[in-house]
Amino acid sequence: MSREKITPDITQKETVKISEISEENILDCLQCSKCTAGCPAIHGMDILPHQVIRLLQLGQVDKLLNSETIWSCASCFTCASRCPRDVDISKLMEALRLMVIRVKGSNKLKVEKIPKLLQKNMPQQGIVSGFRKYVK
Amino acid sequence: MSVVASSTSVKNVEEFEPLIVAFCCNWCSYAGADLAGTSRLNYPANIKIIRVPCSCRVNSNFVLRAFQRGADGVIVAGCHPGDCHYMTGNYYTRRRFSLLKNLLEYVGIEEARFKVDWISASEGNKFAYVMNDVLEKVHKLGPNRKLRDSRWKR
Amino acid sequence: MEKIREEIKEKARQALASKEVDVILAWEKGELWYDSYPAFFTKEKDIDSLVWDSFCVNNLSKYLLEYTMTDKKIGVFVKGCDALAFNQLVQDNRVSRDKVVLYGLPCSGMVDPDKVRTKNLNQGLTEIKKSKDKLIFITKDKEITVPAHEVYYDKCLHCRYPNPVTYDQLVGETVAAEGVLDDSVRFSGVKELEELSCEERFEYWDGQFSKCIRCFACRNVCPACSCKQCTFDDSDLEVLGKAREDSEDKFFHLIRAYHVAGRCIDCGECSRVCPQDISLEKLNRKLIKDINELYGEYQAGLDPSAKAPLGTYKLEDADSFTVGEKGGKKREKNSKR
Amino acid sequence: MQRVGVFICWCGTNISNTVNIDEVMTAVENMPGVAYSKDYQYMCSEIGQNLVKDTIKEHNLNRIVVASCSPRMHESTFRKAAEAAGLNPYLLEIANIREHCSWVHKDKEAATQKAISLTRAAVAKAILNDELIPGEVGVERRALVIGGGIAGIQTALDIADAGYEVDLVEKTPSIGGKMAQLDKTFPTLDCSACILTPKMVDASMSSKINLYTYSEVEEVSGFVGNFEVAIRQKARSVDMEKCTGCGICLAKCPIKTALSEFEEGLSNRPAIYTPFPQAVPNVPVIDRETCMKFRTGRCGVCEKVCPTKAVDYDQKDQILNKKYGAIIVTTGYDLIDLDYFGEYQYMDHPDVITGLEFERLVNAAGPTGGKLIRPSDKKKPKKVVFIQCVGSRDKSDRGKSYCSKICCMYTAKHAMLLKDKYPDSEAYVFYIDVRTAGKGFEEFQRRAVENYGVNYIKGMVGKIFPTNNKLQVNGVDSLSGEILQIDADMVVLAAATKAKPEADDVARMLSISTDSDSFFSEAHPKLRPVETHCAGIYLAGACQGPKDIPETVAQASAAAVKAIGVLSKSKLVNNPCVSEVDKSICSGCLACADMCPYEAISEKIVEEKANGKIVGRRVAEVNETLCQGCGGCTVTCRPGAIDLKGFSNKQILAEVDAICR
Amino acid sequence: MNYSYYPGCTLKTKARDLEESALNSAQALGVNLVEQEEWQCCGAVYPLASDEIATKLSSVRSLVAAHEKGEKLVTLCSACHQVIKRVNHDMKTKEDIRDKVNNYLQLKEDYQGESKVIHYLELLRDDIGFEALAKKVKVSLEGRKIAAYYGCLLLRPKEIMEFDDPERPTVLEDFLECLGANVINYPYKTECCGGYLSIDKEKVVQKMVNNIISSALEQGAKEIVTACPLCKYNLENSSLYNKEDISISYFTELLAEALDVDVKED
C-alpha cells in the first residue's frame, strides 16, 4: 500500500456536480458519524458513510467513484432520517453512482444476468430497482 | 467583492448622478449602516440617510416629498419583522409600504425607485448590498421626472 | 317609491312627535328637478317638504358630523351605501352609534341627471315613477318609459349593498341585490391598468391627475375623510402647496387615496362629484384589491368593531417588496412557460 | 432668531482623508441660519468639547450641529457639552459624516458633497429643534424575580443584600430549581445540595425577600420603575402560617402512586407532598388532580391527622397585585422530549435514562438512596454507555441546532461518579466533540480519561437494540473507522437543553423578545448581556441560553446589580422624544391608540364651547412616561395631530428638503 | 367508497397473493379499489437525483388520473408507495420539477400535487379505523405470535411519507392487535432487508436479513408480516429462514384470513 499526499480542494468540478445532482450541502456535515453508526449495509462498505462526506469535503471524488460503498448502499434512508444536520446521504450516494454509470459503458448490472434473477423468484420490483440503480 | 465592482461601474457614467434618500430606523438599519462604515464596505455617495426612530415613523408623505424634491430613489429600511425595537412597529411598516409600493407602481412609477427592506444592525454587508443594488437599478432608469416638482432645483 | 315616501314622512313625524329623536336628517326638494338635497328637520310641520325620490343620491351619514358637538339625538335615513358610510364613521369614532336612530332605506339605484339630459327626458319633467326595472318619466302631457339601468348612476349599476347593512328600523322592503357583481367585474378597471406597461400606466394617470383643479370635492364628500382638519389644509406643515403644479396634483391624489386605504367603502361618491371626471374609483379600488389579496377580504363599513387593515397586522403577513423571502410576493399561479 | 453653530470634526484623518474639510466649511458658512462654524481635529476630545462649550457662550449660539461620527457614538457626549454650556441638550444635532460618509466612499469629491448635504440636513433639522425636557417618574423600590432556581435565588439575595425588597415568584411548591436535583457539581465535585440549600435557607430567612412559591406571574404592565404585576398564588390547600412541616400528612396520605416530579418520575410521592425533604418553604401542597378528597370527595385523612389544622380544602387561588421598579427573569430551562429519538429506546426501555435521571439515581437522597442500580431489575450496572449530543447541534426538526454547553462536563462527571461507585465498571462516552472551555474544565475531563479510564469514543450511536437483558449499543469510532457493538447495562443520554415551553408567553407578557429557540434575547450579545430591550427587565441563567452554574450565578449577580441601579434612584428620567397630541386638530379617532405597542395613548374628553354650550369632545392623549418614542402613531394620524418630539413631521420634511438641494 | 388503485408490476406477477388478498379483503370491508387504467411501472425506486425528470412521469400520470377522478390513490407495494408519494411531494413543493413535468405532459390543467396518496394500511387505519375493523374480524388470530416487519420505504423519509414514527412505528402492531394476534415486538422491525442489493451483494443482504430474523425469533415470533414483496423475498432467502420456525406473509393475507375471505391458492 502506498500513501500519496493530497491537497484538499472543494471547488473542483466533480464536487460541484455532486452537489448539484444531490442538492445537498456537504458542508452541513460536522462528522458526527451517526450515519455510519446506523447503516445496516456497512459490512459491504470499504469507505464508511461519514468518510464519504469527509472525502467529498476534501475533494477526493475519485476515491469514492472507485469504492465498493456506493454499490453497497441500499437506499434505505436510515442515515438521512437520523442525520442531525439534515444531510441526505442517500442522495449523495445516488449522485456518486450516477457519476459512474452516466459514463458510457460503465453499467454495473448486465442484462445477461436477468434470466437467472428471474429464476431465483426475485420480484420484478427488485430487478427494476436494480436496473434503476446500476444502469443508465 | 461584487459590491465594489458594481459601484465602480456606476461611477463611470458621468452624466447622471442619482440621488437616493434612505430612511433608516435607529436600532437596526441605521446601526447596520454604521457597521457598513466600521467595516469599510463601499457604496456610492449618492445615498443619503435620514435617521428615524423606527421604520413605522416613516410617513408616506416623506417618501413622496423626497420624490417631489428630485430624489431618484427612496429606501425605507427597518428591523426584520419580529425584531423591532418597539416590538411591533415594523409589522405596520410592512402593511403600509406594501400598499404604497403597489400604488406607486400602479400610477406608473418604476418599481425599482422605491425599496423597502429589512436590514439588521449586524447586516452591514446587506446594507451595502441593498444600497448598491438600488443605485444600480435607479441608474438604469435615469432621473425621476414623473414625480418631481418642476420648480425645485437641485 | 311614492308609497315609501309617505311611510318615511310618517316615520319622521312620529319620531319627532314621540321625541324619539330631536332632529331628522333627510332630503328636501330643491328648486331644480334633479335637486334633492340633505336637510335637517326639527319640527313636525316641516316634514311635508321631506322628499324621497330618484335623486336622493346624497349620502346623509357624513352630515352627522355637523352634530358631533351636541347631545341631540338624530334620526337619519340611510341607503345601502350610506349605511356603510355610517359604520365607517362609527369605526373612526366620529359618530356615536347611541346618538343616532337609523332608518334603513333599501335602494335600487339613483338617477344620474346627466343621463336624463342626454336622453332629453328632463323637459317638463314632473315626476319619475319606478316600475320593476323600468322608470317612467312623467311630464304634463306624456309618459316615457326607459330601462332603469340606462339612467342610473354608473356607481349604482355596480352596487353591492343596495340594502342597508345596519339600521334600527327598516322602511320599505329589501330589494334584490341585482347589481351585485363579483370581484372580477369590480376590479376589472384596475386589472386593465395593471396589465399595461409602466409607461402606459403613467401616461394614463398623468392625464387623469393633470385634469385636477383641486376643488377638494372628492374629499369633502368622502365618508372616510372625516378629520377635524385635513392635512391638505395644514398651512403650517404645508405638505401640499397651492400652486397648479403636476407633482402637487399627484401628491394630492396619491395621499388622498392612501389616507382612505382600508377605510374606503367603495361608494363611488368621489368619482360622482368630481367635476373633472377623474377616475378616482380606480385608485381606491386598487388599494382595496391589494388589501384583499395581501391581508384577506375586507369591506370597510361592514363591521364598525373590525380592525382597519392598516391599523393592525398579522405576524405572518405577506409584503410586496421582499421577493423570495418568507412572506414574500405571492407566486404567480400556474405560469406556463 | 436661530443662531446655529456648526462644528466639523476631522476625526484625525478618518474624516479629513476623504472629506475636504475646507470645502465643507465654506459651504456651511453660507447655509441659512448658521452663525458660526469651526473645524477641529478631534471634536470629541476634551479640547474639542471645550471648544463647543466656549463658542456657545461666546457667539450666543442657540442651536448646535456637530458633523462627526455616528450619533450612536457621540451624540450623548456632545449633548452633555451643550448642556454644560447652558443649552438644552436636545437643541443639538449630529451629521454622521464618518460611518455614513468618509468610511464608505472613496471618491473625495463625492464624499465632500455628501458631507455638505448631510450637514445641511442637520442644520435644517436643528433650526426646528425645540427645547425638550425629560419627564421624571418615581421608582417603586422593590424588585420582582421570576423563577426560584439558583439564578433567581442568587439575584434575590444580592438585591436584598443591597437593602431592597425582593419578591421571588416560583411556579413549583419549592425554590431550588434544577440545581436542587443535581448530585455533584463540576468541576469540583462538591455536593450540589451542600452549596445550594444554605442559599435557599438564606432566601427564606431574609427579611427583605418574600417567597411566593406555587405561584405564577399572570400579568405585567407599566414600565421601568413602575411595573404593575399580578401574581397568582395557587391554592396550596395547606395554610402556610399554621403548617409546621411535621410531615405526618405525607406519611398518612393513602395515595402513594403519583410520579415525583423532583425525582424525574423515578419514584412516587403522595398526593399531599413536598417536592423534596429540604424544600423551602417546608410546607406541603395538595396535588388536587391526584388527591382522593378532590376527586371523589371521600378521604380527608390529611385534614384529620394534621396537628395544627393547617389543611384547608377550600383554599382558593389568590391574585396579588404588586408594584415593582425592576424585574429579573430567571425562568431556567428544560430538557427536550426524547419521543422522536426512538433509536435510543428511551421511551421503550427503563434502563435508558437522561442525565438528569442519572443525577437522581446517584444521589444519596434520591429514589435509590444513592445506590446506582438499573431501574429495570435493580442490579448494579457494569457497563454504562453515555451518549452526548442527543438532540444538541441537531438542526433537524427533532433537535436543537445549538450546543447545550453543559453536557460534555456533566457526562464526564457522571462517568467519574460511576467509576467512584463501582471501580470495576466500564464507562463509554460517545461524543462528537468534547468542549471544555471553562476554568478547570479541561483538567476535569482529562481526569475522567486519564485517571478513571473512561473510554471516550469520537463517534455516534446508530441505534440501541435491546436484547434479553442487555442494551446492545451499535456505534462507530469515527477515528479508526471501527464499528462498535457494546452490550451495555445502562445508557445515559445527554438530552439537549431547551427553553421552557412557556417562555414565549412570558416574553409576550413582559414585552421582551426571544430568539428562534425561545431563549430570551439580551439587549446586546456582548455589551449588554443581562439587559433586555425593555428597560428595567433583566435576565439571568439558562432562560437566556444554555449555561452552567458558575455562569448562571455570575449572570444573576450582574442582573442584580442592574436592578439595584434602577432601585437606587429616587427618580428616573424619560426619553423626552415622545409623542404629543395637538388637541385642537385631533379628531379623536384613536387610530393612534390602537396602534401604540405601549398602550401609551388613551382617550380624553376635552371641554369646548360649541353653540353656546360647554360640550365634551373626544381627543387622544399621550402618557409620556409610557411612550417609548417609536413614532408609529404619527403615521396613523392623517391630519398630523399627533407628532413625535425630536422627530417631528416638520423636522423630517426639512431634512428631506435639505438633502435634496 | 371508491379509491383509485395502483397495483405496480410485482403485484401482477410474483406477488399476486398480495393483491388478491388485499382486493378481496377490501371488498369484504365495503371498500372499492378500482384499478387505474393503463397504469405504468413506477420504476420501483424513487429517483433521488435532482436532474432526473423522465423517471417521474409515470407516477405523475397515475397521480393526475386519480386527481381527475377526485379519488385517493391507494398503493399496496411499499416501493410503489414510496415512489408515487415522493413524486407527488415533488410536484407539490418543487417548482422546477413541477414546471418541467407540466410542460412535458401538456395537461388541460397543471398538476400541482393535489392528489392524496395513501397506502392500504393507512386506508385501514385512517379511513376505516382499526376499531371498526376489529369488529369485522370473523376468525381471530388469537394466540398467534406475529412480528411486524416494516422495512424502509413506508417510513422514511418521515417528513414526506408521513406514515408513522420512523423509529417507533406502531401501525402494523395496531393492525395485528385488532385482528386478535399476539403481537411480538423486536427492535429490528425497521431495519433494512437489503432491498435491491440482493441482485449483486448477497452476502451483505444475508447479514441484514439474518439480524432481523434472529431478533424476531429471539423474541418468540412464529410469523412475520410485511407489506413489501422484496422484503418478503429477502427475508425468505435468509439462511436462518425455515418455514417450520417462522413463516413470512403479507399483512393482507392475514387480513383476508381474519375476515374469512377466500383467497385463491396458487
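The first chain written gets the first letter, and so on, giving A, B, C, D and E; residue counts start at 1 in each chain.
The rule is simple: contacts are C-beta pairs under 8 Å (C-beta built on N, C-alpha and C of every residue); 3 or more make two chains touch, one makes a residue touch a chain.
The shown structure was predicted, so the numbers you read here are calculated from the model rather than taken from an experiment.
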Least step count from chain A to chain B, where 1 means the two chains touch: 2
Selected pair, greater C-beta contact count between B-C and A-D: B-C
Chain located farthest away, centre of chain C as origin (C-alpha): A
Chain closest to the middle [Cα centroid of all protein chains]: D
Whole-Å separation of chain centres (CA-atom averages), chain B against chain C: 37
Length of the line joining the C-alpha centres of chain C and chain D, rounded to whole Å: 52
Between chain C and chain A, distance of the C-alpha-averaged centres to the nearest whole Å: 69
Chain centre separation (chain B, chain D; CA means) in Å: 34
Set of chain D residues in contact with two or more other chains: 343, 463, 595, 649, 653
Numbers and ranges of chain C residues touching at least 2 other chains: 231, 239, 310
In chain A, residues with contacts to at least two other chains: 78
Residue ranges of chain D in contact with chain C within the complex: 585-591, 594-595, 608, 610-611, 613, 615, 617-618, 636, 638-641, 649-650, 653
Contact set on chain D toward chain B in their complex: 70-73, 96, 98-101, 103-107, 110-111, 113-114, 117-118, 121, 511, 513, 533, 577, 595, 597-598, 628-632, 634-635, 644, 647, 649, 652-653, 655-657, 659-661
Chain E residues within the chain D interface of the complex: 159, 165-168, 187-188, 215, 218
Chain E-touching residues of chain D, taken from the complex the two chains share: 340-343, 345, 347-348, 397, 463-468
Chain C residues touching chain D - in the complex, by the definition given at the top: 68-71, 92-94, 226-231, 234, 236-237, 239, 259, 307-308, 310-312
